[in-house]
Amino acid sequence: MLGYAFMGKAHSNAFRKIAYITWPPPLEPRLVGIAGRDEAAVAEAAERYGYEYATDDWRTLVEDERIGLFDNGGPNALHAEPTIAAAEAGKHVICEKPLGRDAEESYEIWKRVAATGVKHLCAFNYRFVPAVRLARELVEAGELGEVRHFRARYLQDWADDVSLDTWRFHADEAGSGALGDLMAHVVDLARFLNGEVEAVMGFTKTFVPGRQVDDAVESAVEFANGSVGTLEATRFAHGRRNALQWELNGTKGSLAFDMERLNELQVFRADGDRARGFKTVLVSEADHPFWQHWWPPGHIIGWGDTFVHELHHMLQAIAGDTDVAPYGATFEDGYRAAEICDAIVASGASAQRERISYRTL
Amino acid sequence: MLGYAFMGKAHSNAFRKIAYITWPPPLEPRLVGIAGRDEAAVAEAAERYGYEYATDDWRTLVEDERIGLFDNGGPNALHAEPTIAAAEAGKHVICEKPLGRDAEESYEIWKRVAATGVKHLCAFNYRFVPAVRLARELVEAGELGEVRHFRARYLQDWADDVSLDTWRFHADEAGSGALGDLMAHVVDLARFLNGEVEAVMGFTKTFVPGRQVDDAVESAVEFANGSVGTLEATRFAHGRRNALQWELNGTKGSLAFDMERLNELQVFRADGDRARGFKTVLVSEADHPFWQHWWPPGHIIGWGDTFVHELHHMLQAIAGDTDVAPYGATFEDGYRAAEICDAIVASGASAQRERISYRTL
Amino acid sequence: MLGYAFMGKAHSNAFRKIAYITWPPPLEPRLVGIAGRDEAAVAEAAERYGYEYATDDWRTLVEDERIGLFDNGGPNALHAEPTIAAAEAGKHVICEKPLGRDAEESYEIWKRVAATGVKHLCAFNYRFVPAVRLARELVEAGELGEVRHFRARYLQDWADDVSLDTWRFHADEAGSGALGDLMAHVVDLARFLNGEVEAVMGFTKTFVPGRQVDDAVESAVEFANGSVGTLEATRFAHGRRNALQWELNGTKGSLAFDMERLNELQVFRADGDRARGFKTVLVSEADHPFWQHWWPPGHIIGWGDTFVHELHHMLQAIAGDTDVAPYGATFEDGYRAAEICDAIVASGASAQRERISYRTL
Amino acid sequence: MLGYAFMGKAHSNAFRKIAYITWPPPLEPRLVGIAGRDEAAVAEAAERYGYEYATDDWRTLVEDERIGLFDNGGPNALHAEPTIAAAEAGKHVICEKPLGRDAEESYEIWKRVAATGVKHLCAFNYRFVPAVRLARELVEAGELGEVRHFRARYLQDWADDVSLDTWRFHADEAGSGALGDLMAHVVDLARFLNGEVEAVMGFTKTFVPGRQVDDAVESAVEFANGSVGTLEATRFAHGRRNALQWELNGTKGSLAFDMERLNELQVFRADGDRARGFKTVLVSEADHPFWQHWWPPGHIIGWGDTFVHELHHMLQAIAGDTDVAPYGATFEDGYRAAEICDAIVASGASAQRERISYRTL
């Protein structure tokens, strides 16, 4: 594990829970080593989460032959080099989103890692929310018909404070602001639920003078399937703590979702029922995605549990040599998300619609 | 009254209720004449709503010296000529939105009517929803701080039917589709709550082959006050019947609204209360806008009642020779909304950001 | 019309709207006279609502042969005598709820009025909320299966103020407090949606020392159909303005409702759909109850509009000599509601379950 | 650990997470042994959750001197004997709710265990929902004023199936149905948030012919603090999966909660703000109860996580020799809940109000 803070905690918790919440687990995770910059902090993290050792040099992990899976939860500037090195050392790799700081770096990571043949997963964990997966299944089954609209926004509210400082505000470490942090999730869910984005018109915005990264992103988009919508992200929406909200409208029905109520999916079916309206579906039934692992209906799960599903999926892919795609995000998905994010930046700069073309290997 | 269908009914109902719901009324409306194309239908409407006579020629109304206020609720193609004629005959005028079929026509109506000196109101009735007016008052009082975001969408779902026909699908009568019908409302509320729109990037979309007007509109926008957001409108959002939804985020708090629950305003205050969250405010208190006319708290009003407030406002302006602006929309507001709508169309055509400049008289 | 305040306004508004909102109206209401205690106020009300004359003696109305329908919206102590007198003078009668101040008085009113053969309606207007009527239709059609539970509560919050005084706190005028004012509505809807109440255990509660009437009512009840539940009413629930909330659970599904969102019905169908949940039905479709009178879908109505439906129903009954029951509440319904309310008081006094038997004529 | 199914999984998960989610943990849990009736199943559970051994005889655990804490998650009939034996062997004890199958058995367990001096916790885990604890803190701080009402209901919907069989339907194993399973939780939260219950009127109901236990419970109650309300529980409310809903109304405000949205607390403050309404508080802030252990704001937790808080509380009490009460439920609380449940049964049988007196040691 690289990183011991927010994502380090989230991933470590998941690795530990997989061993008994999913049963039998596809592989029994063994927590070998954890790396981080602050020696004391990483040592404490190792003790806390049960890693066999701590190191302040991620290369130690890369060189450790006992390690078969390298999980990169470090800051964005530390995604490329360690991830590539680990893959080239033959380890399967997980990398937190955004994959790279821009499309170029993301492409490089994907290309280099794909060349090694290891399994790779870009940790867009919101694909592993049961309500999101259920949505995907409904769309795949054609229950929404032809899609007309997909609109989404990721609203948070913590950044409207000039005195605040974090690596997330430093261009060299983060690459971008709300764009890579929040919009990347929006874009990935848009692709996951509605397919490729073809063109964008939009821009980023920085409200705080002197801040190096964007605070918000606004865009109007066109999808390959002919549907249209808006995609947004901001850290300046007071009262919205973790509100990744999306809505999909099709010819046979609609879906809507809010991450602050992540156990719920709003489902509308144009089925002619006189009692017509959106259902509030509590996604916690025995036949709902991932619920074979959990509790009786209505006993909801938490945000942290999405990582259990995600890392379980990766372990299954490794154990069975199956594909990470399409339910998990691969590094190609990480790269494509970055292309779209970059296109929005480009659109803001050029004041023009940007058509997106994706590179292949 | 010109028009006897949807808007004719809504306005006539309001004129009749003003006489006793608002007390004492600023003026006692006398329903003199009503005009429409279908002779039998307009005759029945006159009987139904209590107009003294019916006519299939709107010029009869214009020439009737007893009429002091001409209310144009006809289809969009019939906005310009009758409204201008009535004003030039010295009558105060109300015109349904959109004012004209495009900015050019809207400007012409405004210019010609303004030159006569009569009162003019463009019937953006959603300004007269109590929750919307309360929002405006909170913004004006500085309770939201500096605005960062305004996002809005008007979602309906009735048009996804190739067999459907209505004047609203005919380019010559309607001018546009979701743009003039729905987006005009969105744009007017954006301006009412957050000030002028400076630039747009976006486009319109027609899903049904052969349909002459747009089915949906998507845009990312920049406001003069530095805030940014997205504005959308569609007739293709299954499950959304009349969902004009907007959200405003400021440095001191946020507001959110949905027309399907028009008696409610969501209010977030960044006041440091440990119990932090959006309030669901039932806008029905004695000290809430327009509630001096109505019932005890919690006894909600309906969509039709917004016209009571709007036409009451117009009668007050006439009776007291006061300004329709800023709480009522004037023809200048109608024109400005059209400029923004046209700019979105232009942006779609040019694939470029369109900066908006407003003409003056 | 007897009464010119809250109910006088609500009924007068309805009579005026029936003339054109329902078309053609079953009868064209002519507002002949209005009575009230305060001479100046009733004169102003006559002018405001368009009554031909005002009087401070309700007997004038009873004696006026031009009046065919007597509508009693006065305080509870003035329900019995004027209503009976009007009926005995051959006029159809409407009486606000509660019918009498207790079951005994209510029975007397019913018996005396029924003997005259006129039409009688006890103004339980919440039967005429579209969502409530839709609920009734769904229950009648068997779409909920066998009912297991009906629970309801009417929560308001205006009475927690020792300095407040109103006729509603005087035992002689009001008869009771939350019981007759709010619980009567709860009980009527319980009967309307779920049939007769057979037994109650419960009590009333007065929080404010010295107040003559109850502030709240609590009960656990058994219905004739074998279902069970709780019924409550209070004027001491801060934050609840007009929250008449009920829920019905049957073997095939459930319904839930809140008067503060009176245009919505929550509908759950146990139909095996994997996407399982309550639908939020906006009761505003062309095929929904009462919507032939109103607007396009999603353009919601207000609390005051329920009286339009109710009085329209009464005019239909008069015009067509049809029954007020079962969709309108007759005086028998008014009496039965009073029996249940009295039984709760009796249960509180006796500390025992009270089985209810209803008197017949 | 006694029990390996639903509660065994929930408690084991919590013991494992405490070791790293709470940091530093008050005690590092060591999972020594697990007991259950089905030899193969308990062996698998030991392997799954990491217990050192499995046994089909709970006495083995009682006799194991390495075990300092005995956690009883077995069926109700197995609560008394093993729990008492473990305490008498000097082990601290946790027992799932309901403590005993009735008040008599519950009292016996409490008396016998209290005599040993060990720590005892009755696992009413809903006290450890952050929103519930926040509610308790607000009540304790006087922010709600004097309480007028507490109403609650626990609605589930799985039992309306005559073909279904489970130990929960057997009188000898379960003691009761919805009463001990669901109503016990309702009663405990009522006491936790609003103090002692003094009197009840109510009854239980069995819908399915031949079923040995109750399906639903209805009651009207009086609290020692003068407030009144209703308490209900049912397994027959279609569409409600795990809906433990409660509302508290005080002279300064109100609170409302639904377990299906367990991260949210509805808070109304009667503070004179013109924008008046219930706040939807996402209880996930750094200064909210238990959130020192978790994620950034808005990243919600799940139902299973309430056990982490509960068992952490017990470990703290053991480590620091502090009281389990008042935030954790002791066996006295388990006994008192049983007294209230029994009083409702008694009230149904006697058809009378039952005043409750609690036994002491």
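To keep things simple, chains are lettered A, B, C and D as they appear, and every chain counts its residues starting from 1.
Rule of thumb we're sticking to: contacts are C-beta pairs under 8 Å (C-beta built on N, C-alpha and C of every residue); 3 or more make two chains touch, one makes a residue touch a chain.
All of these numbers come straight from a predicted model, not from anything done at the bench.
Between A-D and A-C, more C-beta contact pairs join the chains of A-D. For the pair subunit A and subunit B, the distance between C-alpha centroids works out to 40 Å.
Rounded to whole angstrom, the centroid-to-centroid distance between subunit A and subunit D, based on C-alpha atoms, equals 36 Å. Centre-to-centre separation of subunit A and subunit C, using mean CA positions: 53 Å.
Annotation for subunit B: residues touching 2 or more other chains are 240, 276-278, 282. If touching chains are joined by edges, the resulting network of the protein chains shown connects every chain directly with every other.
Residues of subunit B that touch subunit D in their complex: 134, 138, 265, 267, 269, 274-282, 285, 287-288.
Listed in rising order, the residues of subunit C touching subunit B in the complex are 6, 10, 12-13, 16-17, 19-21, 23, 48-50, 156, 158, 240-243, 259-262, 282, 284, 294-305. Subunit A makes touch with subunit B in their complex at residues 148-149, 151, 153, 155, 157, 160, 201-203, 205, 207, 216, 218-222, 226, 228-230, 232, 234, 236-240, 247, 249-254, 268, 270, 276-278, 347, 351-353.
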